[in-house]
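Okay, got some structures for you below.
The following pair of complexes shares a single chain, chain A, combined with chain B in the former and chain C in the latter.
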Partner chain A sequence: MSLELRDVSRTVDSSAHIHPTSITLIPGGFNILLGPTLAGKTSLMRLMAGLDKPTSGQIFFAGEDVTGIAVQKRKVAMVYQQFVNYPSMTVFQNIASPLRLNGESKVAVKKRVDQIAEILKLGPLLDRLPSELSGGQQQRTALARALAKDASLVLLDEPLANLDYKLREELREELPRLFEDSGATVVYATTEPGEALLLSGHTAALNEGRITQFGPTHTVFRDPNDLLTATIFSDPPLNLANARKEAGGFQLGFTSWPVGYYSDLPDGDYQVGFRPHHLQLQSNDNAALPITGEVLITEISGSESFVHLGLGKHRWVAQMHGIYQWDPGQKIDMFLNSAHLLVFDSTGNRIRSTHG
Partner chain B sequence: MKTRSTIIVTVYIVFLMLPIYWLLNMSFKTTNEILGTFSLWPVEFTLENYIKIFTDPTWYNGYINSLAYVSLNTVLSVSVALPAAYAFSRYRFLGDKHLFFWLLTNRMAPPAVFALPFFQLYSAIDLFDTHIAVALSHCLFNIPLAVWILEGFMSGIPKELDETAYIDGHSFWRFFLKIFVPTISAGIGVTAFFCFMFSWVEMLLAKSLTAVAAKPIAATMTRTASTAGYELGLLAAAGALTIIPGAIVIYFVRNYIAKGFALGRV
Partner chain C sequence: MIDRVSNQKAWLMVLPVILLVAFNAIIPLMTVVNYSVQETFGNNVFFWEGMKWFEEVLRSERFHASLGRQILFSFTILIIEVPLGILVALNMPRRGIGVSICLVLMALPLLIPWNVVGAMWNIFALPDIGLLGRAINGMGIEYNFTQNPVSAWLTVVAMDVWHWTSLVALLSYAGLCAIPDPYYQAAKIDGAGRWQIFRHIELPKLKRVLTIAILLRFMDSFMIYTEPFVLTGGGPGNTTTFLSIDLVKIALGQFDLGPAAAMSLIYFLIVLLLCWVFYTLMMRSESNTS
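Right after this comes the complex of A and B.
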């Protein structure tokens, strides 16, 4: 059972929250909505849930038009970034709430709640009120309620954003497993490219109310259609420069590169970019492009170093494994494998090399 | 430093409690002692005043009448204000902010302004001298207040709670009564307290809209002299008893009262 949005848009007070968008979610899989804040992830989810009505367009669920259907009548479950539970009910009653509305028998409800509580490690907490739980436990309760409903569409709106680092990692690992068995189509909104890669599945990159690309997460990451998608799906940000292609190669102002795989491109202005982790200290390839930059600052995060480099008027970041400590002002030489170079035309469309 | 603050607090409390003590003091005295001598405590201790109030129907009916219309008003105000406050806190509609402010301006006119129209209107439709008449007239100032306090409490509850309930399959009324009302129960308690209090202390409307059958205790108490002459002891006992219902109600909402005074906006 799949959800399809057909030319759906939403305008509030004459400002467009969602531009006409069409997307067919992958049934029974993880569909990730990736984009910065205000990209329209929540707006899109609310349309999918039926909490908001689209200004134009239609929504189909399992082939049926559900555009105007009340949210109560849809088989949808949703978990918010804030921990939303019914404050006056115990954890048990919270999880049981959608089951009771389904008119299931007392015994069946108890059995199902116990089973779900077991999976989400809420077993000993069933008699507590949500206010007596930690943040992680509250969100587990919300997830349990979503799971209990056995909905065919589960919407998770940045469910881990308000949790601390450790809990986030733990729950992120569990999430795909939780919904795998139910066969539900899951939609997961996040602002973090890393999270999308960890969850795998399919990703739709969003920017200012538009889906820029939708496809398998790794394809969208490795093979972005345009500059926007590449920028959304890059953390730390994509390294970019304007380049002019001439007979001799790409002229970047502060340096020039051989055209490599892009030799069949017509001469003209382009934008070239690459991801920070593709900058390396050693060249292990003849096609490697040399880069000499001045160290501006070095940030160390765990086992990685982020080196900010100044090259002419450009500022690039190198993300490297290991701890490196350079003094600001020091000149260092680095290499970029030209296979990792992304070339965009002046309007931001990705140009594919014949290399593939 | 510590002794100084202790002294200040003690003096403050003494001044605060003095009138109440004096009322209690008087209520256990005979009228002769009150008028005749100055004594810090009852010399001729008597329970006569209280016995009279609990045995004479003209007195105890005053309490029954007052409690009847005050309870009626509290229930009316809160149940009408609940959906209204929900609308103000959750929906945007044309003129919502102006309407919301206008509600509060209802409190700016003294009740005396409305005494005459209410009197004429209730006489015309045979509601004069009934409990419901007083209860309805007190809605004039209690419903706006209740809407304001409840709106404050409701706006503290994220809208996502409502949506989660709808997604789970609750209908609006089921959500409202089974989930939302229990969630803001503290706010409802505080609101009920304020309605109770303002209705309980209001005298002008209550007095003008009643004659015998629904006469409130405050009206009974304005009868300073009777055929037996001045009855100050009796009045003091009645006054002391009038404080009790408020004290009982405030006990239940003591933890939330400050939030109520801030109209639920803390």
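Right after this comes the complex of A and C.
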């Protein structure tokens, strides 16, 4: 069952939370809303759920216009960043609550709750109260409630943000599988590009109440349509520089690069960018772009090094496998495969090379 | 021997606290203990009486009667003020200009001294010239707090409810504001009704502040003195003679210092005991349900 937003917008007290947006979610799929805080992820979810009424536009659910229909009449479940369970009910009662509201028989409720508890490893905890659970267990209970509801639309609003690293990894692995069998369309909001990549599915990049791009997650990551999408979907941040294309190549101020694949580009001002992990120490490629920078800081996280480089007035980051301990002030030569270069025009639209 | 530098000057630092506690708690309490086991006829002449006053007070019907009235009063106002306070808090606005207006209005009664409240209601409720008194009598209902025990009781209870419901309301309001919005959203998505939201989300989340509100209101109402004193001085007869009023009558009216001292100690222990029972019960039910 598909959810379609058609030119949906929401304005509160004359400030636009969501600009007119159209999107058709992948039915039965994992749809990720990726964007920084205040990008409008939660606002968009509330519209999808029917918690808020759009200021303009229509919402279709399985082809049916549900724009004005109250949330409890739709088959929607939602899980939040905070662990939301009924505080005075046990885990069992919490999971059973949507089933009981549906008026299902005692036996059926018990069977379904046990089944869901099994999946979410809550079996031994059914008699506990939410306050007696750890954060991860509380969020599992909330997920179990969403699952029990058997909703056709499941909205997960940064559900892993309040969990510690280990639990987050564990639940992140389970999440896509969890709702797969139910056939529900899942929407997952996150601020972390890495999380979106791990969850795969489809991603909509969001910025200031606008969807900048929607498509298969890895396509949106590798082949962004514009500068905003590329910036949103990059962690560590995208390395950027203003470049002037002239006959001789891209003039970056501190260096100049051959135009490579972009020879057809008319002369003018552009922005060039690339992702931190595309910087390499060696290159066999003749078309590789040389970069010489001065080390500012090196951050080492386990098996990776983040080297902050100063180039002219720019500050770029190189994300490299292995541990490199360079002293600040040291000059380093690196290479960028020109195929990884992203070129944007002055308004931020991506310019794709005609060859690549 | 132990090689330790002892710095006796530290005592100087603690001295102010010791003096303060001594003068405002220990010495007065010990004076009361002193009176409670002796008989005096003035001139600082004391005779040892042991537990006599305690036995006398505990056996006296007068004490039983005022204790009974006291307990009835405290429970009456709790039964009214707690639900009413929650109801008010539930209906207070959560955003906009209304919030400040409500908060100021709710805080006003709390700023008025007890005796002023008593005097206000006294005049307000006078059957011949008071607005309330005239109005009620005008409706054909007999109301006269100086003569009719029921009227007197109702007036004292109304005074307390008027004076202190805001405290419960403000505490509950703070508790309600602390509930994250997703709880309400989740309930809405589940299709829960108003009562279910209250029963399964708001009430469990309010438990802690309500415990404090009930404790505060209980202790305070158990010590009520000024309002009934200003209204009727404990009358008509002794129908609004609560423990503290009775105590003052014995101590300063009859100047029976021994029994009065024994009674204050018993009074003190009752408050302490009831608070402990309340607190334990509520904390236990808390660990069971929230």
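By definition in this document, the second predicted complex is superposed on the first by the 355 of 356 C-alpha atoms of A that agree within 3 Å, B and C clash if a C-alpha of one lies under 4 Å from a C-alpha of the other, contacts with A are read in each partner's own complex, and residues count from 1 in each chain.
Rule of thumb we're sticking to: a residue touches a chain if its C-beta (ideal position, glycine included) is under 8 Å from a C-beta of that chain, and two chains touch if they have at least 3 such contacts.
Every value quoted in this text rests on a predicted model; they were computed, and no experiment measured them.
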So, after the overlay on chain A, do chain B and chain C clash or fit? They clash
* Is A:38 contacted by the first partner chain B, the second partner chain C, both or neither? -> neither
Applying the touch criterion given at the start, work out whether A:87 contacts chain B, chain C, both or neither, answering first, second, both or neither.
-> both
First, second, both or neither for A:129, with chain B first and chain C second: second
* Asked: Taking the superposition as given, does A:297 touch the first partner, chain B, the second, chain C, both, or neither?
  -> neither
Considering only the touch criterion stated at the top, classify A:77 as touching first (chain B), second (chain C), both, or neither. both
Which of the two partners, first being chain B and second being chain C, lies in contact with A:351: first, second, both, or neither?
-> neither
Chain B and chain C footprints on chain A meet at residues 49, 51, 71-72, 76-78, 80, 82, 84, 86-89, 97-98, 101, 149
Residue positions on chain B within touch of chain A in the complex are 158, 160-161, 163-171, 179, 182-183, 185
Within the complex, chain A is touched by chain C residues 180, 182-183, 185-186, 188-192, 199-201, 203-205, 289-290
The answer for chain A against chain B in the complex is residues 49, 51, 70-72, 76-78, 80, 82, 84, 86-89, 97-98, 101-102, 142, 145, 149
As the complex stands, chain A meets chain C at residues 46, 49, 51, 71-72, 76-78, 80-82, 84, 86-89, 97-98, 101, 129, 131, 149, 157
